[in-house]
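Okay, so here's the structure we're looking at.
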Amino acid sequence: MRFKFPLVAISLEVAMIVLFGLFVQYETDQTIFQKQNTTGPMDTGRFLELYPLFQDVHVMIFVGFGFLMTFLKKYGFSSVGVNLLIAALGLQWGTIMQGILHSHGQKIHIGIKNIINADFSTATVLISFGAVLGKTSPVQMLIMTMLEIAAFAGNEYVVGEIFKASDIGASMTIHAFGAYFGLAVTVILYRSGLRKGHQNEESVYHSDLFAMIGTLFLWLFWPSFNSAIAEAGDKQYSAIVNTYLSLAACVLVAYAFSSLVEHGGKLDMVHIQNATLAGGVAVGTCADMKIQPYGSMIIGSVAGMVSVLGYKYLTPFFATKLRIQDTCGVHNLHGLPGVVGGLAGIVAVDLGVSNMTTVARQAAALGSSIGTAVVGGLITGLILKIPIWGQPLDENCYDDSVYWEVPRVREHDSGFHERDDHSQLELDV
Amino acid sequence: MRFKFPLVAISLEVAMIVLFGLFVQYETDQTIFQKQNTTGPMDTGRFLELYPLFQDVHVMIFVGFGFLMTFLKKYGFSSVGVNLLIAALGLQWGTIMQGILHSHGQKIHIGIKNIINADFSTATVLISFGAVLGKTSPVQMLIMTMLEIAAFAGNEYVVGEIFKASDIGASMTIHAFGAYFGLAVTVILYRSGLRKGHQNEESVYHSDLFAMIGTLFLWLFWPSFNSAIAEAGDKQYSAIVNTYLSLAACVLVAYAFSSLVEHGGKLDMVHIQNATLAGGVAVGTCADMKIQPYGSMIIGSVAGMVSVLGYKYLTPFFATKLRIQDTCGVHNLHGLPGVVGGLAGIVAVDLGVSNMTTVARQAAALGSSIGTAVVGGLITGLILKIPIWGQPLDENCYDDSVYWEVPRVREHDSGFHERDDHSQLELDV
Amino acid sequence: MRFKFPLVAISLEVAMIVLFGLFVQYETDQTIFQKQNTTGPMDTGRFLELYPLFQDVHVMIFVGFGFLMTFLKKYGFSSVGVNLLIAALGLQWGTIMQGILHSHGQKIHIGIKNIINADFSTATVLISFGAVLGKTSPVQMLIMTMLEIAAFAGNEYVVGEIFKASDIGASMTIHAFGAYFGLAVTVILYRSGLRKGHQNEESVYHSDLFAMIGTLFLWLFWPSFNSAIAEAGDKQYSAIVNTYLSLAACVLVAYAFSSLVEHGGKLDMVHIQNATLAGGVAVGTCADMKIQPYGSMIIGSVAGMVSVLGYKYLTPFFATKLRIQDTCGVHNLHGLPGVVGGLAGIVAVDLGVSNMTTVARQAAALGSSIGTAVVGGLITGLILKIPIWGQPLDENCYDDSVYWEVPRVREHDSGFHERDDHSQLELDV
């Protein structure tokens, strides 16, 4: 670890700078302003109009995903810190990978859609990061970022350019893809030593509150996520309204099912932190279609229910029977709702167009996303299994102190003010 | 509680889906784009232009209100979690209630103003939630959401359509209304067992910092709250600038008075978390009028002073003499400053127009808002008092563990890394 | 302290109201809308278009700076609370000072650029606040706000209007200025009693997570900071893209160097919280120039490296040898990267224009910023040294309880739920 991490990180950044020097240019004045006058609705001239939506997505990636994973009591530094590291590398690499596939041999001209898409590509890796959280090293995560974004960009190209399928909010290409990629990696990295759980794999009261910061910023800005690259005008409007309503419906159903499946009818923070977001995932594919407001709410409700049931019944089953150790339960937040989204997209297209070809294209897109994710994840897992990347020992899992300088003082020292010093029971004996 | 909460939550969501299916439609292309070309300044075609302001309001509702109430040491899950639940139900129900009153028998077409107004209607309930925080069950809060938003929409219709009063930032219709509604509910739900306070009704160091997250996001985005539905152009601009300045002035005065009234001149976190926001409340009614920059600052200063004095002197008086147990002191943050706002609106209209009818309309709006709130709150309180809604016992008040699975590990386990394990004093004896 | 702080705060607010009454007006309809039709690119009519960028900057000032400084275990209330106080005063005073210098004797008309610039002027003081954090009283900070913003506005006028230098993201006029001003103040306020450090001058696990909230919101919205007042169109676009890329590159290099210089290759939270932002500072001066995407990434990489090395080697050297006690290490986050930014600006202008005059103007701007900051800081330090401002004793430094009512309960009481009450060891004996 002493020099491996710095060496890998600096080499990757140097590589990025070289690649950007070779392939990436500004949009020229002509590129920006001439396109504004073209008839195409997807013009790239809407920079400042789309910039607020980009910033919403940006908050989701860095604050949303980052804090959502801080629920573990001793793994907050890594959650929010490695999240930042992955995303910072990923957005550079995503710009290159997506740009090369779409630029057809020309230079890549960075516009607002490129930086939104670059942020999107990092989301895929951050979802997979949730599956392997606490059991991997920063070096492994840098490698996974490079491999997964390459696979993601390839699948996205196939789904969008070859199958010409709809997936505006990326239920399939980001959420299902990221989840199944992460599950495949974690299958390969299976640790029998963690079969019976780990004492660090739990939350404390305040870490659950930190995680709610992530949940809320994800929940709030999800309409921007699903609409940011939608066609201007009517479709973008629909994507915002549908996502807004799907998420609201999802909350009520997720709370209801959390209470229903828990001992004594209590609410479970894991469900609240995660399943309330499933509505945003599931409405993604058809967010810009005319599925009607109540249609969005049905999709959100189903997603909320499926997600809670997944956390309650599937995750333990996966861990004990299938050797799938999914730390954050990304299968329940992104995998299942992503598949629900893909299926909802098939139904929506079917109802709207009555055209078997379109339906088949949607189904192919779902299949391609899951297939590419699983194959890519298995290969990535095998590479990450090579014992040279500074993996933590079983006993050091879910513990920041392996990779971080951690304050040694006791927690309750903070803000701890006794009136009489002599009444203070000294704990550090 | 075992099945009551899930049953109520799912029934309400099913009802919402049915109501949306019956009454709510997208804005059609014609609706959106034709209106852009009309001369009316309140056209609904400004979707993407107003979307950033909507998102600011959205952050205030979910992060702002949610975290502001996390100051209690053992009630953070409920504060931020039930806040989310109320708001998710409220925005659906608010869309229906406001839509029906304003659509005159036609279908409700959801545009950007509708979703901003839906968020606004939830704010009313979240303010009332602050008054009863810690003493009520989630089921009670779902019921309160339904009843209060119905009363809110009715009063708002009367104020806007019948009295035709100005209240752009909703000092009267949201803030005063929500506060007096909540106070009326808490009067009915009076608990003599909490007369001498409760050991859980206090903050710890970190919970006060979590609450500051809420304070700051409310403070920051308040200019958006007061301007989001203002008339495009000059009035929207005035609403932003006036609120920005009122809040800044309010901060200095609130800090000054906090230090002035506290023992030894120290600052009190309760005042800082709450009274700094009073300037946003009080400038609401006349935010879009030409009250001049220094006028806004005077309003903000008065509000900051009134709010701190309320926390210091009124809240204890209310609790001991008037049987009003106002957990978050919403009377000082929303009630008094809301009344100040209503009065400032009367003065501003009077100075601007010199028209007694207009002044009378503003006064009637203030009276209607407080009157409807008190009556509505009393009725709601009586319904919530029926002992079948899973209310907590006195000794379980302000404690998440009644309704939530709460981590059992000790706080200081997190991030607690001793060098020598043998020097660790085991506390769980 | 009993009456000094309230008296100073109220007097300042009264002064602000009087000054606003005398000098500040709304933009009139004519001002706003006529300018839209002029050919000048810097028209003030873009209110709602720039408002989202203003709000991003607003979040940076209040949440970003505020929470970034909460890393100290017992000084979170002051960090986030005095940050709010300084910024609320500063934005009023900044409006006056900048307005008077730029209005040439006319009234100040508040537009969107004015409130963005008002927020900017507070940033300067908040940076200096970081240098003296924990060792000063709220009254001292109010005084520093008044003096520093006066000096800042003067220097900004010289740089922009006399030297006509480029500094769109204010690497020189805000970051270097704020850092060197703060360092000069802290030199004068040197406390030999803190020579060997202080037991409160350290973080705990959760306080480091709170600080990451600040880091992330600063990091995210930095593209808005560097582009908010840029010329509409191409230059604004460039400022956004360049800053986005510079920050991404900076993260990888900062992580790499943090691991490289730390014992055992571990990451250090101080570096992650701060050095990851240096890329935003350093690219500021030339953010709106055509430095090419890879050029931004090189600037960000250099800044990340310089900043980590500064934290590791310069800060201890400053503290022990130079009597500069820089609590937050603002020299490494704002000082050095600000100078890097100034130098990068000279190089960029040189490469672009090949005009010695322009190069000399940039160099003069850098010199003026540092020179004015140092002189202004020394004078301010001398005024703050007068022993009547309620300064804390050495033993009370970095401790909220001097100026705040602090909860007396122990931290781990929160969310602490034992199954058996009799097994609970009572700590408050």
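List of remarks:
Just so it is clear, A, B and C label the chains in written order, and each chain counts residues from 1 on its own.
Operating definition for what follows: a contact is a pair of C-beta atoms (placed from the backbone, for glycine too) under 8 Å apart; a residue touches a chain by one contact, two chains touch by 3 or more.
Since the structure is predicted, the reported quantities are computational estimates derived from the model, not experimental observations.
A complete topology is adopted by the chain contact network, contact being made between every pair of chains.
Of all residue numbers seen at the subunit A-subunit C contact, under half occur in both copies; the interface is built from largely non-matching residues.
After Cα superposition, the angle needed to carry subunit B onto subunit C is 120 degrees, rounded to a multiple of 5. A straight line joining the Cα centres of subunit A and subunit C is 31 Å long.
Among all residues of subunit B, those that touch two or more other chains are 52, 76, 204-206, 213, 406-407, 410-412, 414-416. Those residues of subunit A that touch subunit B in the shared complex are 49, 52-53, 56, 73-74, 76, 202-209, 212-213, 216-217, 219-221, 224, 232-234, 236-238, 240-241, 244-245, 247-249, 251-253, 255-257, 259-260, 262-269, 272, 276, 290, 292-294, 297-298, 301, 400-401, 406-408, 410-412, 414-416, 427-429. Subunit B meets subunit A in the complex at residues 1-7, 9-10, 12-13, 16-18, 20-21, 24-27, 29, 32-33, 47-48, 51-52, 55, 58-59, 62-63, 66-67, 70, 76-77, 80-81, 84-85, 88-89, 91-92, 110, 115, 138, 204-206, 210, 213, 403-407, 409-419, 423, 425.
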